[in-house]
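The data blocks that follow each hold one structure.
Here chain A shows up in two complexes: once beside chain B, once beside chain C.
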Partner chain A sequence: MEAYLGIDVGSVTTKFAVLNGSDELVAHIYLLTQGKPIDMVQQGLKQIKQQLPKDVDICGVATTGSARYLAGVIVGADLVKNEITSHAVGALHYFPQGQTIIEIGGQDSKIIIIRDGIVADFGMNTVCAAGTGSFLDHQALRLNISIEEFSQRALDSTTPVRIAGRCTVFAESDMIHKQQMGHRTVDILYGLCQALVRNYLNNVGLGKDIQPPIIFQGGVAFNQGIVKALQEELGTEVIVPPHHEVMGAIGAALLVHEEIADSHNGSKFKGFGISEIKYHTSSFECKACPNQCEIAQLSVNGQVLARWGGRCDLWERSPTS
Partner chain B sequence: MRVGMPHMGNLYIPFKALFQRLNVDYVMPPLTNQRTLSLGVRYSPEGMCIPFKLTLGNLIEAAELGADTLLMPAGSGICRLGYYAKTQEQILHDLGYNAEIVCLGVSQRKLFGLLEMIKRLSNDAPWSKIISAFRFGLAKLNALDRIERVVQKVRPVERVKGTANKLFAKAIEAIDQADDYNTLKRVQIGYIDQLNQVTKDSEAQPLVVGIIGEFYVLLEPFSNLDIEKELGKLGVEVRRTTFISEWTKFSLFLNPMGVNEKDRIHKAALPYLKRDIGGDGWESVGEKVLHAKEYDGLVHLAPFTCMPEIVAQNIMSSTKENIPVLTILCDEQIAKPGMLTRLEAFVDLLEYRRRVKNKHRQID
Partner chain C sequence: MIKVGIPRALLYYQYYPMWKTFFEGLGAEVVVSPPTTQAILSSGSSRVVADTCLPVKVFCGHVLALVGECDYIFIPAIRSVKSKICNCSKFLGLPDMTKAVIPESPPILDIDIDINKGKHELYQAIYKLGRRFTWNPFKVRQASIAAWQAHLKYKQLMSNHGLTPSQAIERISNTTEVEPKTPSGNPTPNQATIAVIGHPYLLYDAHINYRLIHRLEQAHYKVLTPEMLTTEELELAITRLIGGAYWTYEEEMVGAGGHYLESGTDGVIGIMAFGCGPDSLMMDIVHRWAARLRTTPFMSLTLEEHTAEAGVVTRLEAFLDMIHRKKRRRLKLCV
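After this line comes the complex of A and B, so read on.
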């Protein structure tokens, strides 16, 4: 079976998607990165292999997400693509008529404006993670409920509480204050959903021309409370596509399929066997100039596979060179 | 008296030539680096822009090397930059450096202001010597910018990535070393020749991206995380109208004679912005309008908290001349991976737009 693999290694979760030759999703997995991107890529490969038929032939691999270069070196990617393009391509594959894509992940959130089937504008959060999944995770932890329970219970709210969502630290003190005033937990939960949505629209969405149909994807789209709050705030329906949580990986797989079809070259995929290899990462401070760049390197058996992190090209070693 | 000055790109090279020819005791701080930034951030008021912080860092590093006479541009009609020299002098005094800041009031007295200041620094050297040294400095400046324009063209199409950057680094050093016009000319011709001979991908049709925005962040690669090199790596040809040599040519020589290169840019901006708003905001709007048809996209660079550029950014988003603009705010918080993700996505966006445009053309 002809197949294309997309791997999306984000700060919080790692996603795998396999498409067949007709671009249909045949397997996908969703793992927590837990700060160990290399281990998760190896584990993910092992797991997804079990979901695939014996005659599977990986014709192309693409990596995306914030650890796309690292993951690309490990698996031997044919294409390393940024997560903004990957998400847009994935969403448009299922909803070609979409005009706005809202993507909220663990540490970052994006807005992608689509016009005439192509990306016309995009935005991404900068240094603050207040409008993202980590914000919800953190507050759920404080309220001592699971993130799954959060989603369900937020919908039971009747009189949501207004919580300052500009900053996680202030949100937390505001939330504690509201708890101590005697507000119900469900109302606080939905208040948090509204705070996140307000924060997202006022930061990432600021100045963007948000038109329906609106597609909402990323891990946070699991949260029914957020979906409801988004619809209320935008005054229109929001579509949550199936497999929204792996949409970046799907997009990457679609892109590598197109790329391989154009080039007729074989895949550089190193095979499922790499889940057994011992990778070694280390870093050092470059002393060549006063910039003191921290250079990170990835090696196997003492052989350096890749280096990055410098301001200049002195240490840069990409897998191709 | 030992003279020092802040950095902005390769500006130190013509100044070095000038000081050497006039036997001025000078010291150049190390090129802007991580330590410069740390020093600047530590001793600056938080809300100041990155040009203030980095130049303060440079001045501190120059003072550490014994400079007691520091050069800084100042004057009215620019932006907050007009007051930076005074503020930075105060900060240096508070830190215990007994240095005096000499203000380069180029905005009012143009060439004469600059020449008078040089006369003072050179301990009253004869005018003939000053003018000859000044001309040699200008020649170096022009040579640097001529080579850089070729580098911008080679970067996106070179077969071995990084070749143009390596040649440019060598050229900068050779120009710095050159001590007469003949050598300078030989260096310039030699390096342009070498750049033209770099093996290129003859089929590549690079996207063309214009870089517009605030003067300092455009010209100091440290402040914009080497954005031009990064775009070159992505196979994009960068065009920039702002060069120090251009600025010198017009501000010092042609503007007093009534020729203004910015008239064209300001005229283009008129339907949206009728007056100068300080800094380079008027120019940013005008450049967007002018380049909407010529280029595939624009990268708009602005220091965080820069009022003129923020005004320009918001006007730019609603002009009827349509071209994608990616605004990048430069400050000490900016991180390279985040910037690269945006640049990569922006280049993809431009690539898709071009494909759609070409398809339409084929159908027509």
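After this line comes the complex of A and C, so read on.
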């Protein structure tokens, strides 16, 4: 069976998606990165292999997400693509008529404006993580409830409290204040959802022409409270597509299919066997100039596979020297 | 021979040939600080007060790099270069601020440039600066005329020949004749063009912008910058967008942005510094204009000391993908 593999290694989760020759999703998995992107890529490959038929032939592999270069070297990617393009291509595959894509992940959030089936504008959050999944994770931890429970209970709110969502630090003190005042937990939970949505729309969505149909994807789209708050704030329906959490990986797989079809080259995929290899990462400070760049390197059995992290391409150019 | 140090930061990129010619005409030797490195940036940002913007932090680092290398440091206070136009307060107080935060700096040669006060005041200021080197007013006059000619040649090399500031500076110091604009300077039919707008001290400092221009050229894009436009083109665009300039150096942002958004480039990237007041206002004007026109994709990047390279790279990749896919779709439709 002809198949294309997309791997999305994000800051919080790692996603795998396998498409067949006619771009249908045949397998997907969703793992927590836990700060160990290499282990998770290896584990994910092992797990997804079990979901696939014996005669599978991986014709192309693409990586995306913040660890896309690292993952690309490990699996032998044919294409390394940024997450904005991957998410847009994935969403448009399922909803060609979509005009706005809202994607909220663990550490970043994006808005992609689509016109005539093509990306016309996009925005990404700046360094602040107040409008992302980790904000919710953090506050759920403070309230001592699981993130799954958060999603369900937020819907029970009748009189949500207003929480300042500009900054996680202020949101936290605001939240504690509201708790001390005796507000119900469910109202605080939904207040947090509204705070995140407000912050997202005022920060990432600022000046963007948000038109329906709106597609909402990424891990945070699991949260029913956020979906409800988004719909209220935008005053229109928000579509959460199936497999929204692996949409970046699906997009990457679609892109590599297109790329392989255009170039007629064979795949550089190193095979499922790489999940057994012991990878070693290390770093050092480059002494070539006063910039003192931290160079990270990936090696197997003492042989360096790749180096990156420099301000110039001195180390990237010659990984073997 | 007296050594005059010039920090390779802020207005260096606009006026270096002029300043160099002036001081050399007065018999001084000119020393320039090395290109920005992490060490220069860190040393600068460790001195300044908390709310200082990135370009000024870089500037202080360059002043520190010149300590011990020269007898004087030249830091002009440029108040206005055109009548009824304001400059950012950071530029107005630059010599005084440097004196306060870098007490070990060599004596500062400063000059108040304020066109609002009229030509007489300007000549007086130039003469006052020149008197530090010579008592002969004719020598000062000669040096300033030569300096102005060097400046005009520098501007012309960039606007008429499409050279970057560093290329133009090299050409001027080598005194080689320049051949007229070659066809190779123009984009080939299928080559996409990207205009990068912003102040030259952000555009041409490869350290603080993460080699943005280099990255674009590596991806085979033809890069256009504000310096490649003539003063007339820039002023025309400003008039169209906002009627008239308010800030000094507004043409680099609003003028160039307005021009490139309507001149058929495939995309425009605006670069601004975090914490810069005028930049945030000017970039917003360009942003709104781009949103109104909806013809040319526009993206703005904010640079900061702590900007992660990944953030710049991801946005740039996504922006270029957007342009590439758009262009490919158009080509397919034509076929």
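In this text, the second predicted complex is superposed on the first by the 316 of 321 C-alpha atoms of A that agree within 3 Å, B and C clash if a C-alpha of one lies under 4 Å from a C-alpha of the other, contacts with A are read in each partner's own complex, and residues count from 1 in each chain.
What we mean here is this: a residue touches a chain if its C-beta (ideal position, glycine included) is under 8 Å from a C-beta of that chain, and two chains touch if they have at least 3 such contacts.
In this text, all values refer to a predicted model and were calculated from it rather than measured experimentally.
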{"item": "Clash or fit (per the criteria above) of chain B with chain C on chain A", "value": "clash"}
{"item": "Touched partner set for A:D174, first chain B, second chain C, both or neither", "value": "neither"}
{"item": "Contacts of A:D187 with chain B and chain C, given as first, second, both or neither", "value": "neither"}
{"item": "Overlapping contact positions on chain A, where the chain C interface meets the chain B interface", "value": "66, 81-85, 118-122, 124, 126-127, 207, 289-293, 311-312"}
{"item": "Of chain A, residues touching chain C in the complex", "value": "66, 81-85, 118-122, 124, 126-127, 207, 209, 289-293, 311-312"}
{"item": "Residue numbers on chain C that touch chain A, as the complex places them", "value": "37-40, 207, 210-211, 287-288, 291, 294, 297, 299, 302, 304, 306-308, 310-311, 314-315, 317-319, 321-322, 325-326, 329"}
{"item": "List of chain B residues in touch with chain A within their complex", "value": "30, 33-36, 162, 165, 225-226, 314, 317, 324, 333, 335-338, 340-342, 344-346, 348-349, 352-353, 356"}
{"item": "Interfacial residue positions of chain A with respect to chain B in the complex", "value": "66, 81-85, 116-122, 124, 126-127, 207, 289-293, 311-313"}
